[in-house]
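The letters A, B and C name the chains in turn, as written, and every chain counts its residues from 1.
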Amino acid sequence: MSTVTKNADLAVLDSAVAAMIVPPSPRRASGRPPRRPVSGHRVKRRAASVVFSVIAVIIFLCSVFPVYWMINTSLQPNNEIRGPIPNFFPKDFTLGNYSTVLFEPSRSPFLPALANSLAVTLLTVVIALVFAFLASLAVTRFRFKGRKAFILSILIIQMIPAEAMIVSTYRVLDSWSLLNTIGGLTLVYVATVLPFTIWTLRGFVNGVPIELEEAAMIDGLSRTGAFWKITFPLLAPGLVATGVFGFIQAWNEFVLALVVMSRPASQTLPVWLRTFQQANTTTDWAAIMAGSTLMAIPVVVFFLIVQGRMTSGLMSGAVKG
Amino acid sequence: MRKLSLVALGAATMLALAGCASGGSAASGSSTPEAGSIRVWLNGTDTPQAARDYLKTTFEKQNPGSTLTVEEQSWTGLVDKLTTSLSGSDSPDVVEVGNTQAAAFTSAGAFEDLTSKLQELGGSDLLPGFVAAGTYDGKFYAAPYYSGARLVFYKKDLLAASGLSVPTTLDQYVSNGVTLAAANPGVSGIYFPGQDWYNALPYIWENGGEIATDDNGTWKAGFESAGAIAGLKQVQQVMEKASVAPKDGNETDPQVPFCAGTVAQVSAPSWVKGSILAAADAKAPGCPDQTANLGVYALPGKNGGAAQVFAGGSNIAIAAKSAHPDLAYSALKIMLGTDYQTILGKTGLVPALKSLSSTLGTDDVAKATAEAAANAKLTPASPKWADVEAAGILQDFFVKIGQGGDVTALATDVDSKINAILNG
Amino acid sequence: MTTLLGSVSSRLRRPVGRKGLAPALLLVPATLILIAIIGWPLLQLVIVSFQQFGRAQVFGQAAPFVGFDNYTRVLGDPQFWQVLARSFLFCIVNVVVTMSLGTLVALLMTRLNKFFRTLVSVGLLLAWAMPALTAVIIWGWLFDTQFGVVNYLLSQVTGIDFTGHSWLIDPISFFAVAGVIITWQSVPFVAFTIYAGLTQVPDEVMEAAQLDGAGAVQRFRLIVFPYLKSIFLVVTILQVIWDLRVFTQIFALQGIGGIREQTSTLGVYIYQTSLGTGDYGAGGAIAVIMVIIMLAISIFYVRQTIKEEAL
């Protein structure tokens, strides 16, 4: 066992070192199999890639089916949603639910809630990423007293069930006159996603061998320079993954938003969505689905933007070819 | 039941007298309150727009220089939101709260004491069960706002096909349901999803049982009593023999199976008629082709007449932390006034004032509503009752009954759970 | 194995022992926010767990200290232990399923061309982005007793009449449905994060691991895994924590069907105790107990990671 691991381990180090020594080759088109001389391999690889593509389509369908059902529902009148025979396509296609959600005057309006949600979420993502990034550097690239305590606290914080802290969190914001403010809710959300973001980014920074930076420093770069030029680009995928996480958390959070933003003008989208659930009239499920669909769009847009950035610019100059 | 409502009535009367006695001192503040702006929290879309507009204009006319804003709250998460907001610095002034949720706040000191105003707000004309719900420790905190009633909707053709007529007793209602289900496979003679405990209560009450009674400060749950057991057996009979509804389903959207043709009779809140008959171009269309076929009656009691059914509804109160309690009271008075309550009555909500029940109208639903409301009954007036509901104990209990569990054993078990909470 | 650990951590070892202000400055912003928004309320939570604290106390009444009363009450309640055992079982199954599926999807993504990779990412993202409430409503409809698509399709395909079959009334079946919903929404995070981790791995290593032939699992374990170990650990711990704390999905699903008493998990139990029934003292005690238990479980992993880095 030990010899095997040792060999494999050496292989890892070898290739890591090789990666450092060999100058970066032009980035090959991602996912395409590397050129190999043996043709048998190519055939096998092609077959494999067909199989993988099929699996990819299956995964896509499984993930997307409930989403499809949400959109499908949002395009039907409320009475067509549930019946003895399900409608796999909108039988009586209508955009009426969207107009209900967006324009009906007796409903609390969509646009101000959208503006609030966007402001809170974007601020949360930016602030949390910056603060978490700095903190994760501190705990991975430095050794200092209290470091272990910090990491441990970050972990413990995430274990606290949020349901138990609602009242006291409200008190804190109230004492600082931060109720019903974008700043107040942002602060709470930053605090909720920070531990996760630090914890995860720490994993990503740890994943970048310090030797890469050192090699660059031998080439004459400063420590900071080495970090920005070598390590930071490699963290881009991690930043994107945690950023998307933060975005979705802040975007969909309900209970704290309900309690902290108690005035209608400061409502966020998840709270707005619940106003469609009624006690003494029929709940307009189709409108809820239309609202949910509208809510999902900004998340997808955000993801497409950051994903584009992730694959295009940032990584091309990296060590990794 | 009689005992409980008598206690409630007694409390209400005593409070009314107390209100008379101390009326003078309370009136001093209401003459010329300082101008300001107040916020009124109403839940969902239950209060019609006309009532909201009336409230705002009347209030601002009566209190020149002051403004009133109605802020609509969602029922989801309402208790959480009230707990935080009412205890914080940004408290609303007037809040609506579900009648079974009221006790949680009256007992905590979240609301302004209205004992001295009871008479002025309507006194003995107010729905007594709701006055009891808003009363804690001899003090009156939350006024009745409106009530709802549960009615039985049925398909006339199905009843006729089985040669049945509208039942006059509860037992007949149950046997009709069983007959209908047997005659129409796949159809519920009485649609009864397992979590729908509100609709199970009349069976208990009509057979002489009680959910819980107050015995000198100690609550005693009553599902084990002989009467309650008889009622529970009837519930089980309905769920097993008359209903094909999901044994663990909830009571929302009964119009869906009704319109799908799998329901012959269903006991549901009065507004469900609107959902069933909603026009094809409505946002939530029902099955308007059933208009002529849809019948309605008040659930009959064990010995004829209307059964004691559960009354849902709301209470309305002034926040203890309101910055303008006088203005808030002025708004509350408008909301319990004849004009405002008439608007509620005309939309099918049972008004908070008994004298206005005629505003419900004269159609069959209105008649049945008035009949049912007259004999409506509430859950035990313990501040901890809301906790029993929050824990979902009764939902679990009736799901297990629906599954065919042993009624006596289940009743013993649920009683010990309820006792633990109410006396905990 | 020790050699492996040793060499991995050697990659991380600080060559220059620079100390001083830099780490402190880097930590200041995050620490300040955490102390203010989490630390202070947390302290209150702990205090409350030693008090008799109900709704009246929220509205300003004095809260008497009762020592360990809340703790003995909670620990003496058989329901607490049932909930705890149930939560752990559910959590373990969920974490195993989620981590395996997530890793497989991430590995698959490295082998796909751009089009299919984007397709999978967008599919995963859509699942992830759906608000939890909406997700439960939709899944609830799919598994609906009366009009559910699942019952409909099963009846069509198998020929057995599934109409009226309740998926939630039996606790095992309830948790299977809950597990599907939760896994469906957590696999995207795991897959994205591990995929992001995989892109950090030098291509040569990936290629070495991708060579066809027997022992693919072993290659993954021995060649790729050491690079991902840190992220794997991080994600696994997070999944354990989240799945133990799960609230919205279970709470909403209980409204649709099933028996609460047999299906409540820790998150729901805490909510019912504190905000639901207004017993904030006991709610606080459960929260504290829960954190201690989670710590006890994860301490092994935590010590391992911290020890490794501290070398």
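Convention: a contact is a pair of C-beta atoms (placed from the backbone, for glycine too) under 8 Å apart; a residue touches a chain by one contact, two chains touch by 3 or more.
This structure is a prediction, so every number in the text was calculated from the model and none was measured.
The minimum number of touch steps separating subunit B from subunit C is 1. At the far end from subunit C, in terms of centres built from Cα atoms, lies B. At the centre of the protein atoms shown, by the Cα-centroid criterion, sits C.
Judged by contacting C-beta pairs, the busier of the interfaces A-B and A-C is A-C. With centres set at the average Cα position, the gap from subunit B to subunit C is 39 Å. Between subunit A and subunit B the centroid-to-centroid distance comes to 43 Å (mean Cα coordinates, whole Å).
Centre-to-centre separation of subunit A and subunit C, using mean CA positions: 15 Å. The set of subunit C residues that touch two or more partner chains comprises 58, 146-147, 275. Contact of a single residue of subunit B with at least two other chains is seen at positions 80, 83, 87, 256, 260.
Across the assembly, subunit A contributes residues 82-84, 166-167, 171, 254, 274 that each touch 2 or more other chains. For subunit C in complex with subunit B, the touching residues are 54-56, 58-61, 145-147, 164, 166, 168-169, 254-262, 272, 275-279. Across the complex, subunit B is touched by residues 77-79, 82-84, 96-97, 100, 106, 108, 166-167, 170-171, 174, 177, 179-180, 254-255, 258-259, 262-264, 271, 274-275, 277-284, 286-287 of subunit A.
Residue ranges of subunit B in contact with subunit A, taken from their complex: 39, 43-46, 49, 71-72, 74-77, 80-81, 83-85, 87-90, 92, 98, 148, 252-253, 255-256, 259-260, 269, 271-272, 274-275, 278, 283-287, 312, 349. Of all the residues in subunit B, the ones that touch subunit C in their complex are 79-80, 83, 86-87, 104-105, 107-110, 195, 244-250, 256-257, 260, 262, 320, 384, 386-387, 390-393, 395-396, 399-400, 403, 421.
Only residues 1-4, 7, 11-19, 22-24, 26-27, 29-31, 33-34, 36-38, 40-42, 44-45, 48, 58, 105, 108, 110-114, 116-117, 119-135, 137-139, 141-142, 144, 146-147, 149, 152, 184, 187-189, 192-193, 195-197, 199-200, 202-205, 207-208, 212, 222-223, 226-228, 230-231, 233-235, 237-238, 241, 245, 247-248, 266-267, 270-271, 274-275, 280, 283-284, 286-287, 290-291, 294-295, 298, 302, 306, 309-310 of subunit C touch subunit A when the two sit together in their complex.
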